[in-house]
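Scrolling down, you'll hit the structures one after another.
Note that chain A is present in both complexes that follow, paired respectively with chain B and with chain C.
Showing the complex of A and B:
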């Protein structure tokens, strides 16, 4: 009896245990280790030298420092990317999911087509699109008879990055919205129709509130993923022109694993500051979106 | 937060991916040859193993190798530390300072022929720090000028008759080539070009351990590249310069010698090679580096050291596949063969002392900073977005700031 009781009491550990161990190894331990390194100077060899808050001061307050300018300029670029892409990555997949949910002919085919780009690696995606946008031989310039150098002039460089990002990542959210839309009780739509609700009204009063949690989840996750952008600007524009598409993850990686000695202390401090900002924004989004407006 | 994930993940990948390293009677050799050259390196290893040595050699191609070096050295797991490492000569001063590599005297003591008399001078010298021998060279690899023979004959007949072209001659081609829609000189390997052009003027990109990036010589170098771009002589950003050359749409291509394997089979393009363009024909200089065999710190038995020596001696005498791969071998036994320069397009760089001395190694403690600092600003200057002076000031500032952080 006692044995069974203990098993019953602790069997949840069996389920969450494996994940918890992996989470600790790949999440918690590196996080604390990174936090520690951010208070040191360390070149990945020997013992890190404790320097207190000096890395943070250098990044945040020393306006003459390259680290300060690079961090804030890449931070600005990253925010710009987030602000530009997140709404598109919610609106486009939702529109496609709504369109597909009207039971069009070949809906699974279209769903597969939209989902497929996400299966490719960013390297392959970037190579394909850089040819499409190439000034000399690119499809886009040939179609529109223009002479723009897409990757080295703004705002075109951003435009390329956004187009590629939307094309590449549209599928994930779309699948979530499709399944959410399928879960809405059709009786509600019938009732609304009987009450004379038009389609716009129905969308805002029934559809959106019904998939509220999926919207919340995708918004938070898409925002976090967008903050972590690296591959698209790295492969398409290499951070140019004039560093205008250089994002935080590029700055951090170049410092920690650049061509010379590692500047792991400064890189970790940047990662901690950046991580904290992401957490704060996610909490804010969560509070804002999970407010129950129906009461 | 991602950063830490990357660090731990690579530790795990290394330990999982390389299980079996360091087993008895095996010499593992980490190398960074992820491209086509990896095949030729493996060919050398296979031929060595075919001699039935007591210790077999196992080559492990290691992408992102320098990051993994730090991971494995931090893991305190000697089993996973490779017995040998093929790394770049510029890393040696840094690895010595970071106490990551062992002197190789034990290896050399059993092999009297592994000495400076048998290798290209600068490649051998690069492996010695403060009188201590830390590595044995495999090759010297440089940038060089690929040129389209027909286009040079059309736009600048005779310019390369003496096998060297000046920057002024390159610039003179630009308007003529541009009129035909032909690119003259893609500027993509700009960091290496600037290193070379500074050396051509007798300048230096370092003073002791400190990078000196903002110098009159660097300014002249950068202004020359800016002039090529401004006149319409370079590729546009986003162009693949190698493809342009292969398609016969570019007169020149300044590239690493190791990349030539992709040219050897192009149809319709009559190409040849020459040393990097110069300011004056008496002062040749081309950026070069050297792959060197070195030993990451760990204990090795005398038998293992002897086996490593035996392998390196074999490579010294049998590294010809490495020349087939496009590299210039450092072993005199191979490159002093009378037909070496005829057999291999890159061979002319070792044919006489004038060419040999033009191959400049930039091996100093903080070389890594030079590229890292130039990278950010040089392209903007070449493409006319900031002034050359501003680019060099910014690059120097960045190098100084990086130096402050524990260099």
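Showing the complex of A and C:
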């Protein structure tokens, strides 16, 4: 083999280099910098002052601190959102995919209609839905003949957020389940039918196990996406009524970039705690759901 | 017998799907229809699905006149930002994927898997430091704050790499023997072959950038420079009052037009995109 020239030896850097540089600047450095900031007091402009674990102690254990109360209440709200939406974001798309799989006419049209909202920005979506739930001229109150003030009373405020979330985000999972269901070997269904298996039995014994990997993947991804919820409560309820729909991303954003002096140190510590919880939960889900495989 | 059962099932499926379609379309239609009502009609007539007198006054209001908004400006800001972001994404992603699939170098796979693992960390941790970095570059309130940081993502490279691995090596090896340079092979042979996956990447990059919400509201504080999503959020804060419902509906309708048109023309790419990364999904 001829000895490569120095230019040729590092030729590959011309190709992977641009991305590696961008990845380092906007992916790796922020991760370490963010971890560092969480141990400091910082206002985004001056020099960060090292304070050790005190941000974490303040957030997690100082019951008198407003940071403690804000973090835990927004954490509770975020969990509530996750617990309420994730099952719906699995069940709805799966039911739609199953219905489409009965070879209905116009399946592309159906798919398009369910997929399309996901391509609209949350600010436009929320503005449109705000008139649907408007107390005086809204579609929903007119339909059910009541005059509920949807966005400023609970549990209606949550209901609005959940309905809009399901409407906005089922498309991706629907497509994944569609292609998963199409991949199941039809011979298995025929064999089950010959054995006299009824449709419920077939669903739990053949269909679900066959798309197990996709269910696992979508559950983990949907859970992570739901933890990151921000746009829906921000635009629909602005965290109200009385902070009951205020989520962690809102708290972190307001502390770091809200009005008044930035409290980026505390916000970073919250982000670290919150990020770790997300990682732990997705690992846990992964273990739990893939264990089932051994059955 | 079997046929009957299938028909019954299919009827159930139709009922379910049509009911859902109504729930999916009617609210959207109601919002859009409201943008064609006059202010007095919205204020005085209570609920009505269709406008009594169709009017474009709300659209005229947001574009010109006393209550006009910089919405056209925001729209073009978004067009520029999303287009640049898409073009850069295609260049960065296709180059990197070429490197990871077609070039031999030490630690190639190790680097790639480090990238994959590092990208697993939740992005919430990055927001505050990213702001500082963008600020250090002097990019706050410039389009670069929205165009560049997203280019460091890894998912698209994974997608394109998977696709490229499926292209037989014979295609480029024969060119190499003929003395073609790497760049020639990349540009003349590989890029044309990966057009389907690049189309998908482009569509998701464009719509993703168009709809990005949290980040633009942090780095774009100058109202004139905002993209349309941040602009709408600002508008909602300013015009939240009842008397502006018509204007808000017109603005939201205007904002969804581009992604709607893209979807109309490219729905097959969106709906079939996942068959491209079947490698990811077992």
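We adopt the following convention: the second predicted complex is superposed on the first by the 265 of 295 C-alpha atoms of A that agree within 3 Å, B and C clash if a C-alpha of one lies under 4 Å from a C-alpha of the other, contacts with A are read in each partner's own complex, and residues count from 1 in each chain.
FYI, a residue touches a chain if its C-beta (ideal position, glycine included) is under 8 Å from a C-beta of that chain, and two chains touch if they have at least 3 such contacts.
All values reported here derive from a predicted model rather than from experimental measurement.
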Message: Quick check on the superposition: with chain A as the shared anchor, is it clash or fit for chain B versus chain C?
response: clash
- prompt: Among the partners chain B and chain C, which is in contact with a greater number of residues of chain A?
  reply: C
Message: For A:201, using the defined touch cut-off, is the partner it touches chain B, chain C, both, or neither? Pick first, second, both or neither.
response: neither
- prompt: Just chain B (first), just chain C (second), both, or neither: which does A:242 touch?
  reply: first
- prompt: Of the two partner chains, chain B (first) and chain C (second), which one does A:25 touch, if any: first, second, both, or neither?
  reply: both
Query: Between chain B (first) and chain C (second), which does A:66 come into contact with in this model arrangement: first, second, both, or neither?
result: first
- request: Answer with first, second, both or neither: which of chain B and chain C does A:154 touch in the superposed model?
  value: neither
Message: Applying the document's definition of touch, where does A:129 land relative to chain B and chain C: first, second, both, or neither?
response: second
Message: Touch test for A:263: chain B only (first), chain C only (second), both, or neither?
response: first
Message: Touch test for A:46: chain B only (first), chain C only (second), both, or neither?
response: first
Message: For A:252 in the superposed arrangement: first (chain B), second (chain C), both or neither?
response: both
Message: Residues of chain A that sit at the chain B interface in one complex and at the chain C interface in the other, please.
response: 25-27, 29-31, 33-34, 44, 130, 134, 136, 228, 249, 252-253, 256-257, 267-268, 271-272, 275
- prompt: Touching chain C in the complex: which residues of chain A?
  reply: 11-12, 14-16, 18-20, 22-31, 33-35, 37, 44, 95-96, 98-100, 102-104, 108, 110-117, 119-132, 134, 136-139, 141-142, 167, 175-176, 179-180, 193, 199, 213-214, 217, 224, 227-228, 230-231, 234-235, 248-249, 252-253, 256-257, 264, 267-268, 271-272, 274-275, 278-279
- prompt: Contact residues on chain A for chain B in the complex?
  reply: 25-27, 29-31, 33-34, 41-46, 49, 65-67, 130, 133-136, 149-152, 228, 238-243, 249, 252-254, 256-263, 265-268, 271-272, 275
Query: Residues of chain B touching chain A in their complex?
result: 1-9, 64, 66-67, 70, 73-74, 94, 98-100, 236-239, 366-369, 371-372, 376, 379-380, 383, 385-386, 397-398, 401-402, 405-407
Residues of chain C that touch chain A when the two form their complex: 2, 6, 9-10, 12-14, 16-17, 20-21, 23-28, 30-32, 34, 42, 45-49, 91-93, 95-96, 98-100, 103, 105, 108, 111, 115, 118-133, 135, 148-154, 157, 182, 186, 207, 210-211, 213-214, 218, 228-230, 232-233, 236, 242, 245, 248-249, 251-253, 255-256, 259-260, 262-263, 267, 270-271, 273-275, 278, 280-282
